[in-house]
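What follows is a pair of complexes built around chain A, which joins chain B in one and chain C in the other.
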Partner chain A sequence: MTSNFNHRQSAHCESGVTANLLSHHGLTMSEAMAFGLGAGLLFGYFPFIRINKLPLATFRTAPGNIFKKVTGRLGIQVTRHAFSDQKRAMDELDRCLAEGVPVGLQTGVYWLPYFPPALRFHFNAHNLVVYGKEGETYHISDPVFGETVTCAAADLVRARFAQGALAPKGKMYRISHIPSSIDHAPAIIKSIREVCRVMVKVPFPLLGTRGIRYMAGQMEKWPARLGERMAILYLGHIIRMQEEIGTGGGGFRFIYAAFLQEAAEVLGDRRYLDISARLTSIGDRWRDFAVAGAQHCKGRAAEGESFADLSRILRDCADKETLLFHDLYALTKN
Partner chain B sequence: MQDNLEKELTEMLIEACRVTDPIPAEISPDAPLIGPDSPFDLDSLDAVEVVVAVQRKYNVRIESSESSRQVLQSLRTLADYIRRHRE
Partner chain C sequence: MLKDEVPQDKELFGDQREVCYAVDEDGRYVLAESSGWDPANIANNQAWEAISREIADILAQIRAGEMSPLAYHMAANQMDEKLLAEYAGLFRWQVRRHLRPGPFSKINRKTRERYGSLFSLTAEELGEIPDEPGPAMLKAMKR
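Now for the complex of A and B:
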């Protein structure tokens, strides 16, 4: 029981799964559009929340939000399940596959054997699509891979019931119904406004551009407060969250800029193209930060790559993003 | 045997990532660029420097769906990507 599923690689798992599942059901969508409609862009710095003993810096919204918002805003019906019983979870997956329905799963990366050992880490909110089963082997469209992959049933059970933070608890989801006519424009506007509000209007110091400035202020003090070794661990962690964890680079800024390009076409408003170009340029500035930071982490920092210099780049990003998101919000009002 | 672009990329990598340790005289174009088997001894933090160096030197962006994971597999995959996307 294997359905035809058009696998497309993406930078980020949740927006990739969302786009691929919807496209399978006839609503063709790019990863960038899924990310934008899902209001995926964010900045948050939460030093009191620890990931592997390092402070949480996030460049995206919480896992699950993108799929939820895209489907909700487009009026798409979704069936979701979570399980405490492993057998029931696998039986329900098999039942859907027998009907030829591809299913989205939340899984723990560490237990997926097709990930090279060097790339396995304890992250329990990895999304993928199961689209078929032969014997005890599942056929999987994992959007961060170039081709489809397979996974033995026993391994998939372990991945679906991984323990720890964000434990998947067998969560699965599938598309039940897509309306025959969908107007993307209002959903795009609503999603853009949501991102703008979080980035510049919510008066919470750890979120949006305020959060970027807060992190910049903290970063300057890291060497004195934490010692050079720990400060470098903190810095390396921020750079990895920005550039590696499926962000498409620049902390998702490039993906969101691609979304704004598509939004310009859908809305028939070329001004969104200008904002898109500005955001790409800001993404490059984030990458300047990552490059200088990486040199620092490697112990080969040159002039202009001190923690104070890195903080200055972050403040520059925050200043530019403050202007950009105010301008973008104003555009949605016109 | 490296082609001209792959040789050029080797020099760019050494400069961008400030590689100071000696590297083999002959580097296979299929050798992994990043990771424990990299002849340049590059890791994931170096990857972002490579991405930016490619953008500056060749005006080619490595981002989004065609992710850096695949492009940065080897000198050959990187050179192929640049040839396909160079303006």
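Now for the complex of A and C:
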């Protein structure tokens, strides 16, 4: 059986799933608002955590956080399950669908047959909504796709029980109750302050703008330390984390700037619009980094263009973001 | 990024499009469709080339009798020993053993089927390697 589900394509999977699920239950929300309320923006560089033997750089918070924070801060009740048994995981999913309740799932993308082959890596923090089942076929609203898709039960089981880093362990979640009156403003303020804290206030060298500077410093040394071939692989990996599907462009800076515009409206404070515009130009700067970096990857870096030049762009981003998040934090205080 | 500047460099998604955030003439954010962006495409291709290179190395080692065909299926599915062991429900040392030609030829039927069902291969196909190297996924794309 299938329930009606209003599928809206989004840039990022988890904020898209969160916004679509809430909208389905009557609380209309944009993806950008879900991303902002979920305090999804981050920078972290963790060279000791390896993804396919490459250092982890992340522009967003850990999977599951956006949904958890949005629902928590708005006082929305959710039901969550994780499973060790595959059959029970699928039975519970079927039970919810039989009641007509759409369900959010964490899955790996490697086993999802509808994903473009070129994007099928072992990445386990993907989120999607299952909203119906016919025979052994599930109807899925995968927010990064333009249309709804279908997936055979056998493939979905594999995706739900993908192994490796961030293994989803059959995690599923759904909305169980939305309070009748919701006040967005305090939740927005709280979420903005959280992002500012992580970006500029936490005195941990691998996080926020400190993390950007740390990565910039490391990057300068990559060619000498790792050799040209590995240095380029490292660089390509950073560009993928920043720009590949799911980020909305500019390492999530644009989607967060879109959220700040909505926040300005909700809070009735035009000053947030200025911050948003500044963040847009910082996002463009990150895009400059990706363009210059990709030239290196192709071996087409212009004469005199070195990893040090790339680091300079990153430091520029870090400097501008440091100022921006201090200013943004100050705004939330009055 | 302005809405008019949203890149349309088709490569990774086939006919699919992703959405990204861009500002319109009035400075308002809108969702804009994109068929891809070259820097991201270049970085993605680079990742696949690295995988292809690893597979080619492994195929050469298999032909030289240094590794078993399982090593090919592992690499073609972007796995390492640890991940393969988790998927197959075996210990890492078992997988490591099976990557050697000798022990591989003595794997019992049940374990062979276990590997086979993981890679959607019959027990016989598990012992075969292709002439042309390439990640399993990208071959599917060319089909």
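Structure notes:
Please note the rule applied: the second predicted complex is superposed on the first by the 330 of 334 C-alpha atoms of A that agree within 3 Å, B and C clash if a C-alpha of one lies under 4 Å from a C-alpha of the other, contacts with A are read in each partner's own complex, and residues count from 1 in each chain.
The criterion applied here is as follows: a residue touches a chain if its C-beta (ideal position, glycine included) is under 8 Å from a C-beta of that chain, and two chains touch if they have at least 3 such contacts.
These numbers come from a predicted model, not from an experiment.
After superposition on chain A, the partners chain B and chain C collide with one another.
Note on chain A: of its two partners chain C and chain B, the one contacting more of its residues is C. Of the two partner chains, chain C is the only one touched by A:G164; chain B is not.
In the superposition on chain A, A:Y110 makes contact with chain C only, while chain B stays out of contact range. When both complexes are overlaid on chain A, the residue A:L56 reaches neither chain B nor chain C. Residue contacts after overlaying the shared chain place A:A152 against neither chain B nor chain C. Once the two complexes are overlaid on the shared chain, A:I178 sits clear of chain B and of chain C alike.
Of the two partner chains placed by the overlay, neither chain B nor chain C lies in contact with A:V101.
When the two complexes are overlaid on their common chain A, residue A:L226 makes contact with neither chain B nor chain C.
Judged by the document's definition of touching, chain A residues 9-11, 31-32, 118, 144, 146, 236, 239-240, 243-244, 248-250, 254-255, 258, 284, 287, 290-291, 294, 297-298 lie at the interface with chain B and also at the interface with chain C. By the touch criterion stated above, chain A contacts chain B in their complex at residues 8-11, 31-32, 118, 144, 146, 236, 239-240, 243-244, 248-250, 254-255, 258, 284, 287-288, 290-291, 294-295, 297-298, 300. The touching residues of chain C, when paired with chain A in their complex, are 1, 11-14, 16-23, 27-29, 31, 33-34, 37-40, 42-44, 46-48, 50, 77-79, 82-83, 86-87, 137-138, 140-141. Against chain C, in their complex, chain A makes its touches with residues 9-11, 31-32, 52, 110, 116-122, 144-146, 163-164, 232-233, 236-237, 239-240, 243-245, 247-250, 254-255, 257-258, 261, 276-277, 280, 283-284, 287, 290-291, 293-294, 297-298. Every residue of chain B that touches chain A in the complex is listed here, in rising order: 18, 35-36, 44-49, 51-52, 55, 61-70.
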